[in-house]
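Attaching a single structure in C-alpha cells format; questions to follow.
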Amino acid sequence: MVKMFIESLKNLTTKPVTIGYPHTPSPSPKDYRGTIYYQEDLCIFCDLCEDVCPPGAILFEVTNFEENIREYSYNPYLCIYCHACVDVCPKADEGCLVQAETRLKPLGREETLPKDIKLGYFMDRVTTPKHLDSQWDEFEDRCEESREGHDEFKAEKKRKKKEEMAAKKKLEAEVKAKEDAALENDVSKSENNPEEKVDETAKDKPKE
Amino acid sequence: MGNKITVTFGSQHIAIPEPVSFVFETENEMITKVDVDVGYVHRGIEQAAVTKFKFNNVQFLLARVCGFCSITHAGAYIHGVEKLLGVETNKRIDYLRLIVTELDRMHSHLLANGHVAEVCGYENLFMQSVKYRENATEILEAITGNRVQYDYYQIGGVSRDLSAEHIEMIDVKLKELRVNVLKLRDFFDTDYTFGLKTKGVGTVTYEMAKAYNTAGSIARASGLRMDARNEFDFLPYEEVGYKLQTRTEGDVWARCMVRFDEVINSIDMCLYAVNNLPEGEIKVKSKGKPKGETFIRVEAPRGECFYYIKGNGTKIMERVRIRVPTYANIPVLRELFVGSQYSDAQAIVLSFDPCLSCTAR
Amino acid sequence: MNDLRAKSPWITHYNTGGCNGCDIEILAALGPKFDIERFGMLNRGNPKQSDILLVTGPVTLRCRDVLRRVWLEMPEPKVVVAMGSCTHGGGVFRHLYHTENGIDGIVPVDVWIPGCTPRIEAIIDGLIEGVEIWKNKTKEKEYMVGHSEKLLEKIGVLND
Amino acid sequence: MEALIVLSIVLPLILGAIIVFAKNDILTSLLTWMMLPVMSILAFMIYAADLPIYVDTPHVLHWIITLFDFGLLAYFLYLGAKRKSMLVSVLSLVQFILLVTVIWVLPESSTANIYVDKLTAMMYLLVAIVGVPIAIYSIKYMDFDEKDKHLFVGLVVAFLGVMNFAVSANNIEWFFAVFETTTLFSVIFIGFRGDKEAVDNSTLALWMNQIGGVAILLALLIMIKDFGVYHFTDLLIIDKETMSMAAFGFLSLAALIKGAQLPFHKWLLGAMVAPTPVSAILHSATMVKIAPFLLLRISPIIEGTLLAKLLILTTGFVFVAAAIFALTQDNLKRILAYSTISLLGLMMLAASVGTPTAVAVSIMLIIFHGFAKGFLFIEAGVLEKVFKIKYLQEMNMLLEKAPLTLLFIFFAFLNMTFIPFGVFVGKWLMIEEASGLLSQGSSVLLIALVAIGGVFLSVLYMKVLGVTIKHHRFTDIQVQKQPKTFLFVAIWFYLWLLALTIFIAPFAGDFVAQISNSLTGETTPIHADGLSLVVGESTLYFWQILGALLLLAFIHIAPLKFKFKNVDQMHPYNCGEVYTRQAGTYDFLFLKKYEGIANMIAITLFMLVVVLGGQLL
Amino acid sequence: MINPELIMHEVTLENIKQTLLDWYDVDTHHYITVNAIDNGENLTFDWIFSEYEVKNVIHVFRAENIAYKSNIPSMMDVYPGAWVSEWDLADMFNLNMENAHRGMFLEPEAPTGPLLKESYSGK
Amino acid sequence: MMGLLLTLFSPIIGGFIYGVERVVKARMQSRQGPPVLQPFYDFVKLMQKRPMMVHSFHASMGIMYFISTWFAMAVLMMGNDLLIAIFFHVISVLALTIGAFSVRSSYSIMGAMRELMHVVSYEPVVILLAVSLYLVTGSFDIAKILTSDITPIFSLPLVFISFLGVMPMLLHKSPFDIAEAHQEIVGGPDIEYSGPFYEAVYTARWIEYVYVYFIVFLFGGSNYFLGTFLVVFSFIFINAVDNSTARLDYKKMLKFAWFILIPLSMLNIFFVVVGAN
C-alpha cells in the first residue's frame, strides 16, 4: 500500500509510457506475420497452399475451363496468418507467396476497402463490407463447384479427346485397313480394341 | 427466498473476459450455493482435429484452443507427432522451443496476476503488471512474429531462428523484466489491502489439492509438488536451471506469489538458454505419416496439459484428446465458493486463471 | 456535437468462444503502453452504457443468444467491431459443428479487424474506424420497426 | 374545565363499556366515529384553557382506586396461577406486600390527585387525534376474520380513557394503579387471540411490566420515607441539591421497562401476535408513550445528575442497538417494533438531558412518532388483511399489488427519518443541542450515540422502502380498492403529517416550545420566523423545508404518477443470460449473535441506573 | 523426443472401479483424465494417471471392446474431481455414464456424440 | 450571490474536477489518460444516446438523484446550517437506493444495499465533523465558519484525517468503492441507467465531488489559501490512495469506519473540549 502510494506519486511526476499510436507510428517488428501477398506469374498452381491453409483462406476458382485458368483468391479477414502456406509453397523463395510485415487496415467504411490488386482478389469483388462473410460462403461454394466442374470438364475433355483420338485412330485404322486391305485384304484383325481402351480411361480419370 | 440473492457472474461480465457463467446464491453476500457452466466455448476442436485438418496443420488449430498457451498446445501435439514419426530433434530446437514456452509463461502469469489485482479493485497494480509484461510480449512478437499466436512449433523444428540481435535484445529486455518483476512481486507481497483481500481467501488446502488432483500453480500454491516440467522430459528443463516453486498457504495470494516465483525462474532459464544456445539446424526433416499412439504431458502456464494422440498411418489423425489444467481445476474451484464472500468470488475465480476455451475446447 | 460525441466511445467486450488471444490483447490495449482511454474509451462491461460492442470469437452455439441480447441491450447509436479472424466466418474454427461461423449472421457488424491475433495497433485502428462510423449514426433504430416488443420477447430479452 | 377533564377520562371508558355490552355494529361504529370530534374538541378545549389545572377528587375515589389495585393484583395472581407462571405470581405477591406497606405508611396529602398541564393536554390531543382513528380503523379491521369484534373495539376505546387517566395522574399511587391497568389492557390485548403463542407473549408482557410496577412501588416507598410526598407536583418543588435520587432511579426503571428498552423489549415484540390495531395503539399514542412521559415529568428533577447521565447512556445505547437489530428482522411489524424501541430510546434520552430544547425534542418525537407509527401500523394491518403480506420479502412489487398502501407506507417512513419531517427535526435539534452541551464539557458520547443511531434508523428505513419498491415490472399501475374506513384513516394521518410538516416551524416554535417552557420553566430557544424554524443560531429555512418536501413528494408519488413516454424499455442487465433469479435483501443475520452481548450491556446499564444513579451505594 | 514409460493395466468395466479403489493412492498418484477412443465397432477406455515427482511414468488402465451403450461407472467415489472429464466424455460419445449430467458442453441443436466415428464420417 | 453561482456551476466545476482526476489517475498508472474535458464529451455522448430504461420509476429516480444532489449542494452553498446540508445529502442517497432497489437485478440491489452500508460508515463521521466544526468555530453556519478567525484544521487534525478516511466512501473510490465495485457488481446502483438517465447519475456524481471538496475547504476557515491547499492536497491524496489500494468488502469498511474513524473523531473532539475547559 505505502509502496504503491509512493510509486503512484512517482508515476505522476514521470512521463507516461504510452506510445502515441496512431499519431506516432508503431511499426511492426521485422518478420512480423502480416498479410500474404501473391505473384500470379510465378505460381505453378500446385494447390499446395490451398490444401494446407487451416481456415481455407486461400481458394482457387477455375474461371476458364477450356484453358484451365485458375484464379487465386485470398480472404485476409479469414486468414489466421499462420505462415503455413508460405512454408509449403514450392515457389515461395522466388516470391510467389510472401508474408509481409504489414497488416491490413480494418474493414469498415467503404472507402477503406483494400484495393491492392496483389492481395485483394477476393476483396475486389466485394462492394460493401456488410455481408462480406456470406459472400465468402457463396464464393466457397462456387470454388467448390468450379473445382468439380473443372474436374468434370477435364474428364469430359479427356473422354472427348480420347474419343476423337479413337475416332481418328479408327479412321486412320480404317484408312489404313483399307489401304491394308487393299494391300493385304485382312479386315477383321483390329476393330474393337481402341474403343475398349477409351472406356477404361474415361472411367478411371475422374475418380482421381 | 427472501434473504437470498442470486447473482449471475457471467457469461458477459466485465471481470471475466471469457464466457463462463457462475450462478451464485448469496446471503448477505455470503455464497451458499453455486452453479457453474463452463461450456460456452465449446467449438468441437477434438472432432475437427480428426476430420477437417490434416496432421500437419492440426497444430494451427490446436494453438487456437487457447491464446494464453497457444505454444503449449501446439507443442504438446508436435511432441506427440514427432514421437509417432520418430523424429529426433536437436538441442538447438529444444532450446528455442523452451525459450518461447517460458516467455509465454511469463506473459501469461503476469497478466493473470494483474487480472487478479484488477478484480480486487486494484487497478493500478493491474496497470503496472501489464506495463511490465510488455517486455515479454515484445520479445515474443520479435521472435515469432505475433504477440499471442506464435505458431512457432513445426513438426521437426521451429519456424524461425534467433539472430544475434535477437539474443542481445532478449538479454537486455529480460534483465529489465527481472528487475521489474521483483518490484512487482514486492508490491503484491507487501501490499496491506491486497493482502486483506487475498490472504486466507479461497484456500485450497494440501489435502484438497491432492484429493481433487489439481494442477499447476493452484496445486503448487497448496504445497503439492506437481509440475509436468519436473515429471516429464519434453524439453531440457534440468539443463537450464529449472526449480520447482511451491508455497503452502494455498490461498489467492499464494497463487499469485507462486506465479511470480515461476516467472523469475522462467526468466533465469530463458537467460541461460539464450546465452548458451547450442548450434544446429532449426528444422529436422521428417517423413511419413503418424501411426500408433502416445501420451504427452507438458506444463502450460496454468498447469499440466495432457495430450493423447493416436494416428492410423493416414493424413488424418485417429484421436486427439486434450486435457487441460483448468479442466482439472474446475472441481476444486466449485468447492471453494460456498462460505466465501461474493466480493471475493472474482478474486478466487481469477486466481485460478481459468481457461474456459481449453476446458470446453 | 457529433465530433464531441466521438471522443467518448465506451466499450463492452464479449468473447463468443474464441481462443482468448484477442481478449488478452484487449486487456493489453487497456494497459499503459497503448492506453485506449486516450480516445475516451472505457471498458464499461455494461452494454446499457456502451457504444461499441467489441466481439471476439467464432460464436459458439451457446454464446449466440447471449451475444444477441447484449447487442440488443445497447442503446443506439452503436457499432459492432468484430475482432480477429474468428469473428469473420469463424476463422480457424470455420465449419465446426458447434460454431456459427462468425458473428455476421448474428448481429450486424460495422468493422472487421483482421488478424489472429491482431496487433494492438490494429485494435486501435479498428476502434477508431468504428468511432468514425458511429459518429454518423443516429438514434434511429433502423432494424425491427414496429415489432420491437415481440422480437425482444422472442429472443428472450424480455425474460423474467 | 374540571368536568371536561373528567369527561375526557371517563367518556371513553363508558363508551367502551357500552360497545362491549351492546354488541351492535351500528352502535359501535356510531359511537366510535362520534368520539373523534368529541375527543378532539375536548382535548383542544383543555389545551386552550388556562393550564395547569388541578382537579380535586373525592376521597372515596382514592379508596376505590386502592381497592381496584388490590383487585388487579388478585387478578394477576390468579393469572399467574392459571398460567403456571411463578414469576407472575411472585411478582404479584411482592407487589401486594409492597402496596400494603405503601398504604400503611401513606401520609395524608392535600395536593390534588389529578393534574393537567400542557404536557398532559398534549397527550390528550395525541390520544384524540391519533388514538381515536385507530379505534375507528379497528372496527373495519376486525371484520376480517377476527372474532370478538365488539369486545375488541370496546377495549380499544376504553384503553384511550385509561391512557388519558395515566397522563393526568398526579398521585403516584394512582399512577401506579393506571400503570398496572395499562399492563392489564396490554395483557388482554396481547392474549386476545387466545392461542398458545398469544398467551405466552401476554404472560411475558405481564411479568415484565410487573417489574415496572414493583419499581414504582419501591420508588413510592422511598419517596414517602425520604420526602414524605407522593405527588409529581410536590416532588418538583423539593430542593434539588439535597435530594436523594433513589426514588427516581426506580421510577426511571419503570419508565425504561414500559418503554420496552433492551432487554425488556421482548414484551413489545411479543405484542405483535395481537391484532394489528393493538400494535398501532400501543406504539403510537398510548402505553409506551407513558415511558417518555414519566421521564419528562421527572426530568426537571434529574437534570444534570448522575442518574440523568446514566439514563442518557442507557437509552442512547438502546437507540443504537435496537436500530441495529431492526436490520436483522424480516417481519414488517417487528421492524416497526424495533424502530419504536429505538426511537423511544431517543425520546427518553432527550427527556433525560432535560434542557429546554431537549425536552422540546422529546415532545416533538412523541408527537411525530405517534403519528407516523400509528400510520405505519395501520398500513401494516391493511397489508396483512387486504393483501396478505406480513414479511419483508413478500413486500416485493408492492407497487403493483398495493400502490396506494405503498404510497402511505412510503410517506410514513419518510416521516420517520427524512428532512424536513418532525422526527428528523427532533434528531437535528438534538444534535444541535448536544453540540451546545459539548462546549460546556458534557459527554462526547451523547453526540456520537445520537448521530449513529439516527444513521442506522435512516438506513433501516431506506432498506425497508427499497424492499417495498423492489422488483417493479413494466406494467401499468392500477389502484386497488380498499375499504373506505382504511382509506379515511390513512388520509387522516397523511394530511395531519403533511400539515404539521409544512407548518413545522410555527408548530415547533409555538406549540412544542410552549410545552417545553412550561415543563422546564425556562425559555426554549426555538421560535418560528415566518415559516422558517430558528433554533439558536441555526435556521431551517422554509425554502429548504419546501424543497425537501417537494423532492420527497416527487420521490414517493413518482411511482404512481410519473411516466416517460417514447422511451424504450429493456429488461435489467443479466450478463446476457435469461436465468430467473431471486433477489432478496441482506438480512444481517450475523448480527444476531451480538444480541446477547447487547442485552448484557443493557442489563448492566440498568443496574447502574438503579444502583449508581439512585445512589443506593 | 519424448519417451513416456507407459505402464498398462488391463481392466474391464466391471472391475475398473474396484481396481482403482485398490490401486489409487491419493498421496502418490495423480489422476489425469479418462479417455475414450472409438475404434469403429467399439470403444476403448483409458483411465490415465501419473505419479508425483516420478519421471516419465504414465499409468494407463485400459478397458477394451466396450460396446457403445454400456453403462460406464463413475469414479467420483475414488477421486471426487472426476466429474468434469466423465461428463465431457458422456457428451462427446453419447455414453451411458453414471451420474453424468448431459449438456455440459453440447447445445441441444448440436449433433449427439460428435466424437463417435459414425457421427463424423458421414454415414 | 457567490453561493448561488457556485451552486449553478457546480456540475461544471465537478465535471472539471472529474476530468482532472481521470488524467491524474491515468498518470499515476503511467498512462497518458484522456483529455481533461473528457467528462463533458461523455456528457454530450450520453445526451445523444437513445433513451432506454427499465421502467419509468427507475428512470425518474435517476433524475431525482441528480436533482436532490444539486439541491443538497444548494443547501450547502446558500443555507447556513452545515448539519442540514449533510442531511439533505441523505435524500439523494434515498433516491439512488430506491431507484436501484426497484429493478429486478441482483447487481443493482446489492449495489443499493452496499450504498446503505456506505451511509452507515460515513454519515456518523460527517456528522461528527459538523459538530466538531461547531465546537471550534461556535457555529454550524457555513458563512461563519468561513469567516471565523480560528483555522479548524489546526485544532481538528484528527477529524480531518478521519474525513480523509471517509472521502473514498463518499466518492466511491478504492478501497471503498464497494457500492460501485465495477468488477463485482458492474457499477451497482448505476448499472441499469443508460443514455440520458445515466447522464443524470453521472453528473450527480460530479456534484458530489464539489460537495465533498467544499467540506474539505471548510477546514481552512477564513484562510482561503489554506483551504485551497487542503483541497488540492486531499485531491492528490485520495487519488493516490485510490491507486494504491484494493477494494475491501463492506464489513471491513464498516469496521474501519466504526472502530478507527469514529473513535478518532471523538478523540479529537474530546481533546478540544478538554483543552477549552
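We call the chains A, B, C, D, E and F, going by the order they appear; numbering starts again at 1 in every chain.
Criterion: a residue touches a chain if its C-beta (ideal position, glycine included) is under 8 Å from a C-beta of that chain, and two chains touch if they have at least 3 such contacts.
All figures in this text were calculated on a predicted structure; none of them were measured in a lab.
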Mutual neighbours - chains that touch chain A and chain B alike: C, F
Of D-F and B-C, pair with higher C-beta contact tally: D-F
Most remote chain, CA-based centroid, reference being chain B: D
Approximate Å spacing (C-alpha centroids) for the pair chain A, chain F: 64
Whole-Å gap separating chain B and chain E, where each centre is the average of the chain's CA atoms: 24
Mean-CA-position distance for chain E and chain C (Å): 39
Chain A-chain C separation of Cα centroids, rounded to whole Å: 31
Residues of chain E whose C-beta touches two or more other chains: 105-106, 110, 114
Residue numbers of chain B (touch at least two other chains): 5-8, 11-15, 29, 39, 42, 44, 47, 60-61, 64, 124-125, 127-128, 131, 146, 149, 191, 193-194
Shared-contact residues (touching 2 or more other chains) in chain A: 1-4, 7-8, 16-18, 32, 54, 80-82
Every chain pair in contact, whichever chains are involved: A-B, A-C, A-F, B-C, B-D, B-E, B-F, C-D, C-E, C-F, D-F
Parts of chain D lying in touch with chain B, wherever the complex brings them together: 330, 391-393, 574-577, 579, 581-590
Chain F partner contacts - residues on chain A that touch it in the complex: 1-5, 7-9, 11-12, 14, 16-18
Touching residues (chain side chain C, partner chain A) in the complex: 32-35, 38, 81, 85, 88-94, 101-102, 104-105, 108-116, 118-119, 121-122, 124-126, 128-130, 132-133
Touch list for chain E against partner chain C, complex: 105-107, 109-111, 114
Sites on chain B touched by chain E in the complex: 37-39, 42, 44, 46-47, 50-51, 79-80, 82-83, 86-89, 210-214, 224-226, 230-234, 294-297, 304, 306, 308, 310, 318-319, 321, 323, 327-328, 330-332, 359-360
